[in-house]
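Think of it as A, B, C, D and E in the order they're written, each chain with its own count starting at 1.
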Amino acid sequence: MTALLGRHLLSVLIFLPLAGGALLLLFPKSAAGAAKAFALALSVLELALSLPLWMRFDPHMPGFQFAERLDWVPSLGISYSLGIDGISLVLILLTTVLTPVSLLFSLSHVSKSVRAFSFAFLALETGVIGTLCALDVALFYVFWEVMLVPMYFIIGIWGGSRRIYAAMKFFLFTMSGSLLMFLAILYVAGRHRALTGEWSFLLSDLLRVSFAPEVQTVLFLAFALAFAIKVPVFPLHTWLPDAHTEAPTAGSILLAGVLLKLGVYGYLRFALPLFPDAAMRYAPWVGLLGVIGVVYGALVAFPQKDMKRLVAYSSVSHLGLVVVGIAAWTSTALAGSVLQMVNHGLSTGALFLLVGVLYERRHTREIGAYGGIAGIVPVTTGLFLVATFSSIGLPGLNGFVGEFLILLGTWTSSHRWWSVVAATGVILSAVYMLTMVQRVFWNPLVHEENRSLPEIRPSELIAAAVLVVLMVWIGVRPNDVLERIRPSVDALQASVNARRVQAHAAVLPEPAGRRR
Amino acid sequence: MIGGIPLNDVLLASAALFTIGVAGALLRRSAITIFLSIEVMMNAANLALVGYGAALGTREGQIIVFFVIAIAAAEASVGLAIFVALFRHTETIDVNEIHLLKW
Amino acid sequence: MTSGLLQFGPEELAAITPEIILSAAGCLLILLEAFAPRSRSWFATISLAAVAGSLMMLLKAPAGASFGGRLETSTLTSLMGMFIGGTAAIAILVAKNYLRRTGEERGEFYALLLWGHVGVSLLTRGLDLLVIFVGLELLSLSFYVLAGIFRTIPASSEAGLKYFLTGAFGSAFTLYGIVFLFAKSGSVRLSALSQVGLAHDPLVIFGLLLLLVGFGFKMSVAPFHAWAPDVYQGMPTPAVTYLSVAPKGASILVLYRVFTAVFQGGLPDRFRLAVVALAILSMTLGNVVALAQRDIKRLLAYSGIAQMGYVLIALAAFGRDALAAVVVFFFAYLASNAGAFAAVAALFRDETKPHPIGLLAGEGRRSPFAAGVLALCLFSLAGIPATAGFIGKFFLFKAAVDRGLYALAIIGVVNSLVSIGYYLKIVYIMYMRDPIDDERPPRLPLSDGLALGLCGILIFALGIFPSKLWELARGAADSFPFFGP
Amino acid sequence: MSAIPLWVIPALPLAGFLLCLLLGRRLGKGFVSAAGAGSVALAAMAAYARLIPFVRGDHAPVIERISDWITAGPFSVDLALRLDPLSALMVSFVTFVGFLIHLYSIGYMSHDETDAGYARYFAYLNLFMFSMLVLVLASNFLLMFVGWEGVGLCSYLLVGYYYDREYAANAGRKAFVVNRIGDFGFLLGMFGIFGLFGSLDFGTVFGAAASDPARFAPYLTAVCLCLFVGAMGKSAQVPLYVWLPDAMAGPTPVSALIHAATMVTAGVYMVARCNVLFRLAPDAMLAVAIVGGMTAIFAAVIALAQNDIKKVLAYSTVSQLGYMFLACGVGAYVAGMFHVMTHAFFKACLFLGSGSVIHAMGGEQDMRKMGGLRSKMPVTFWTFLIATLALSGIPPFAGFFSKDAILAGVFEDGRYVLFGVGVLTAGLTAFYMFRLVSLTFAGRFRGTAEQEHHLHESPTTMTIPLIVLAVLSVVGGWVGLPRVFSETGDRFGAFLAPVFPALPGRREGGLAHGTEWLLIALSTAVAAGGLLLAWKWYTRDAGREPEAIARALPGPYALVRDKFRVDEIYDAVIVRPFRLLARGLWKVVDVLIIDGILNAGAFLVELGGDLLRFLQTGNVRNYALSFFLGVVALMLFVIGAF
Amino acid sequence: MAGFPIDRIVFDLATAVAVLFAGVMVVHHHPVKSVLALVVGFFALAVCYVMLWAPFIAAIQVIVYGGAILVLFLFVLMLLNVGSETRSAGSRRPVQTLLSGAALLLFAGLLLGLLRHGGSAIANGSQGPAAAEIAPLARLLYSDYLLPFEALSVLLLAALVGAFVLARREAGP
């Protein structure tokens, strides 16, 4: 057991939810409550297991940690190869935190096909953690796509009134990007084979291959498209408001909290290192789209009448900022971007959760249906305010640190004006978020039915409180997270820059002691 | 040349028969006539086979034809049975009238 | 060309035993039907045993060519035997309850299925155009009958007619193609086709084209596909289960054999382009029209048309990897497509009516197992990773990319995006719509459950552990006789 | 006794905040009062325990590093606090005035608030104290920004305290958003500073700038302008002042604490803190001076015609803040900070006094419905009058000294136009303040009988702060006597001197005594003139003269009364176009274009399917034909090539 | 074999008759007449086979095709009592006809072009008229072609059972 946890911790983390989820199907239909509790317990166990990851992670060790490797399709060099660095670490932790939070929230709110619901979430967790751990491109692709299926069901079965449209849009949109990436992966692996005579899909091997500039451009675009859709980068974002809005609350939490980050993660882990020249050549465009996303998302969020839709557009804006940070390619901005992904997961997760709290009581997400409820539900209001201020980057909370680092890092890059334009997001986010807060919680109470609005339940409160505590913690002690991110980001940057220098050498020399 | 017969004559005849067969299959409406046309197409093949066989000086051509004729007979029996079965429902074997399954 | 007369020796016996078992089992079933109709409930078991026995004998048969180089026994044929045997087994399992429900549980059905299976088996093993042709006709005749076997249902008879007329038409073209290959090589043996010079002979090319057309017809490749939707719709579902899978795999194998025999090195450009064009047409037409379908069997027919477009990608790529990819693809296709039809058979309970997708509403909760497997099959057909379908497409597209067929690969993935549209449509109708009535579905019969379970397991097994199959297929492709250097 | 660590000072109100927030509702008002006011009292004590030794000592800056905070790439910033004369000054009056206002609030808020509301109020107020203390004690820009935004947050929360009134909610939001515009500038300024100096630490940055001015000066104008934009937002300067008058929607003690005494002066503090940078960027200084001067007179003019007692005080605050920036802009930082301090005393006193009046009037804020309150509320009246005199710059009240110092500074710098503006503003200030006093306390009562019956002096928790502040309004100016009175009298300037180091190549000097006497006389005369005119018009003539003027000049009067319609202009030029743009982007770009293209694509594919489906006619002959066409096409394509 | 090419004339005449009657079969609207026309055509083809040294094929052509298959057709026609194709409203399919015609012309042209090449490319056989012997043919069938022959038996069985299954009159049990 200890060996399992010691040497195969990542595998355990990946497959525990799925395996446990499979047990759920053994529960009788009538034992819905027990099934929910079991799923929740499982996700908490997962969280507990992920804590050693956080403790034992050594930020100063180069390369990937907790590595595991097994042959999968040996004749093609496809392997089950896992490992994490600081970037994946924080995102894994984010996932293991948000999953129990979602399930905890759902404890009192989902009654339809409970077992399937819980299973879908656990399967999703497996997919996400797998995506974050995979170091083999084929393995990554498998997890990357597998994630879609549970999310599709989560939106489609337990979603709102336009759930089917939203689910289809989500699936097709995301799929459309990844299919081209799939071909690009095949090409890259084929090229490795052509140059070395050996098949491999291992990222570290593929990094040795370099491509002619035009080829690299095409491949980069194929990868970037897949990730850009997931992020989502303007103008590929329109699936997101629909998906977020229609998904059940818990689904929105994970969708916004975790899934979107995987686009950025994929870009950092694969697109950038594999195609450094193209990535750098197109960085100005990526950054431009990010900047547009920041402003555009914020502007479009403003007139929204649906709370979740508003929060969804705010995600477009926030992730635009993350993209800007990555395109800026300075150490500060990169660290800020990674941190900001975590921050966004927490704040947007909390916002969706609290919107869900209201929705479950009034069954409407219309901003206009509320108003003046701050006195009726003060605790909810307070939590919502904290989440709001985290989201709009109030210093002292987590959102600020990421935002500031990105903007500062971008300022010190060669694209100073991005920073200037993106910083207007600071103003705009305050405009739309506070407008919503005012119209939902403040103003005179006009709808009588809101007078009897019940206050947040303990289970929901705990779920939200966890997030709030984390927001404050990261806001006050961001270095706890940053010190794990920084070396990885710097290493990434160094390796990409090094590879750019060595461009056009057909195959890089192999280090001694390579496998086989 | 097969004896005094140029192979081209055989092939020409075969091509003509095949084309006529296709024409019948495309243009006729009665399922039976269509099937007859298909038989003509197979005969065109048979003719070419026998011609080539003779020209090549091998018996294989005839062997194939033997098989083809047997198969044609089997096909005919099954096909006609199908027509009969269908006719019981539709009272017609005009394929223009048979379009329950479409789109 | 062998000059001496061939003797029927133990080698030949061992090689042909699989087919003999199947044929004999067919005869046995006919006799039992005639003289001991009470034993009907055992027919499915007998058939399964025959399929299993035949497969066992096939796997045990010594490798090599027998019957004077007309019948191949090799890793490849073993693999294909497993593939078609698996299809047959699923079809028989599906048939078991289906026939009882429709009151057609008779020996003829199983016998014809087994005989058709013999034909397919000959297609996969034949090294001789005549054997291939006879196999093709055996398959066709059996399935003409199976298509129309529900004489009381007009749709079934119509399916029989349409399949018969188009099938016979197609066979005539195939035959005409065989004529020219024979004419130029002087023999019906495939090995004779590899003579120098044939690759550039217009008549040979013409013959090959006609074979492409004829077997393309069997695979339901556009524009030779038109029969498929109508026939699938009218044909009894168990027969479709078989017809939509096994003959297609056998057909592409035949094409591969014949083409490699003639071209060895690689397809001539024009020819490759023709295959590419067919692939694109097939994928696009199949996927686009499938979007508009309301009957699930028709939808699956169009899906099949599209899938065969993907298979043609591998034909265009033309190489050992591509061939191995085809084999892997068909195993995946077996699991997903046969599984889908098995689920259709389990979920639709009235055979006299069409099978509109709308009837599946709410089945996700009413018949969780069958609906679950159907959803799984559809995801697999859509090529979602961790399912067999992804593995199939993975290797196909890899072959295309390795061969530099980028445009084709891109069109392929764009098409699979379109296909997700209709595959998911079925899924959402099953899971995201409320049932149209409150009728409780009957218990899923054991045989159906077994078929569905097998397909489900296969989909995951292949999707997660594809390595063994790929290596086998790759090894089989390595020993494929005709590839040039 | 080892010194109390600096972090204790802000930590105490933070603890108060948490107590009030988490337990306040359950434990009731008594607990909240104790926790809220008590924590601030403790903080004030702690602060003075540190400050007194510091003032007695050598005034060398003390940096106390709490821990590391943010490190990423080359960027690194610590959680560290800084005690130097400037922050000492701020801490001293922030804690002191803050405590007084907490005390006052106990009385002011106790009547009409629920336990929950009361707890919320004190929680916010404590959070404000925390933020403000962080702001002034921070030893680097980023931590200062934390306090900066924190006070903004509290301002937002407290302005919107009466959340169920739409105007209050609007005002809160407006305050935050306008402040954010300023913060945008502050952020860019910080980026610029980091870009130039590679650090955000005050000591490092100012040290580097002072040691090598030639290297940094060219870039500092832009940086300083950005920083100043931040200050403009926080300190309500034209054109970002619009939030402050609206912010009066909050409870009056809040207006006194946040929107008069402390928070709004943060901008001035920031500019003063960055004086090294500003002094190296003369163009930026000029901008500061011009904006300050414009704001001073502009707001003073508006204040002339306002009838809401708090609005007058609000515009007065804006105007006085303009004065402070004017001082900074001409390099008279000491004068500016001096005015910050004195202004804190008398403006807090004025606001608290007005709160006392409003309290007595049952929430009425319109001066036209008041009058004659002097007899009913003597303490309020006398303290109010003292503070008014202080604000008007009548010697020897506190305001006189600081205002005079500013005018002297402006004159000394040679900005004569601005000097004129300053003098004029002084006159206007005296005028509108006496207008206010006259309308409120003199004459007959003009409200309803019920209100009259209800009139009463406020409780002691409210009057004590008034008295204390009034005393300070009198004596507060004596720490900074001009040199004409005593060469060593400017103890204030001497104390702050280390913060404003001499820069190489800068002229430092003073005015001739004669000139200074002249200036003192001028400003006193102008103030007295304004004062007397207001007394004549509003007390003696009961407002007939102004009415005549208003009738004679309806256009200009209406314009002034309507605050130059700036809000309306902003609404038309910024808010509406913004809404339109946002909606347009959503409906056009998102829905119409992007989704339109996608849906059209999907629709076309489906349409294609729907049409192509009909190729499947059901007729076998068509099937045979399509088959045959395929054959012919293939033949043409493949064989045709041979 | 020099001199008057009597073989060729007979052959060409026979093919002409076959083609002609095939054409008649296609154009005739009454199925019975079509079948009868085809009988003639198939007999003519049998003559061709004789000319091409394949008397055995000629024989089974007459027996199986002429004798069995076409008679079966006639029998079915009589059974179903099918009349001539009637022109109904839906029977006119100009698009189908036009496209078919065009495609047929193209196809014929291509085929002719191809076969012109095809005739000359064959190595001349050595067997000659000896191919006409039947006994070797039979030996081949039962030895070299044993496999397809066996398969054929299954095929015939399947056809038999199939025809029986389909044409059975009584409904299923």
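Points worth noting:
In this section, contacts are C-beta pairs under 8 Å (C-beta built on N, C-alpha and C of every residue); 3 or more make two chains touch, one makes a residue touch a chain.
Remember, predicted model here, so these are calculated numbers, not experimental data.
The set of chains touching chain C and also touching chain E is given as B, D. Contact with both chain D and chain E is made by B, C. Of all chain pairs, the one joined by the greatest number of contacting C-beta pairs is B-E.
Each chain gets a centre from its C-alpha atoms; the one nearest the centre of all protein C-alpha atoms is A.
The chain with its Cα centroid farthest from the Cα centroid of chain C is D. Comparing mean CA positions across the assembly, the chain most remote from chain A is E.
The distance from the centre of chain B to the centre of chain C, each centre being the mean of the chain's C-alpha atoms, comes to 26 Å.
Put simply, the C-alpha centre of chain C and that of chain D have 78 angstrom between them. Each chain gets a centre from the mean of its Cα atoms; for chain B and chain E, those two points are 5 Å apart.
A straight line joining the Cα centres of chain A and chain E is 69 Å long. Annotation for chain B: residues 18, 21-22, 25-27, 29, 31, 34, 52, 56, 58, 61, 63, 67, 71, 74-75, 78, 81-83, 85, 95-96, 98, 100-102 touch two or more other chains.
Annotation for chain C: residues touching 2 or more other chains are 130, 134, 137, 141, 144-145, 148, 151, 160-162, 165, 169, 173, 183, 186, 202, 206, 229-230, 421.
Multi-chain contact residues of chain A, defined as those touching 2 or more other chains: 172. According to the touch criterion at the top of this document, the contacting chain pairs are A-C, A-D, B-C, B-D, B-E, C-D, C-E, D-E. Interface of chain B with chain E (complex): residues 1-24, 26-30, 32-33, 36-37, 39-40, 43, 46-47, 50-59, 61-63, 65-67, 69-78, 80-85, 87, 93-94, 96-97. For chain A in complex with chain C, the residues that touch the partner chain are 71-76, 113, 138, 141-146, 148-149, 152-153, 156-157, 163-164, 167-168, 171-172, 175-176, 179-180, 182-183, 186-187, 189-190. Partner chain C is touched in their complex by these residues of chain E: 114-115, 117-118, 121-123, 139, 143-148, 150-152, 154-155, 157-159, 161-166, 168, 171-173.
Chain E meets chain D in the complex at residues 93, 96, 99-100, 103-104, 106-107, 110, 114.
Across the complex, chain C is touched by residues 602, 605-606, 608-610, 612-613, 615-616, 618, 620, 622-624, 626-627, 629-631, 634-635, 637-639, 641-642 of chain D.
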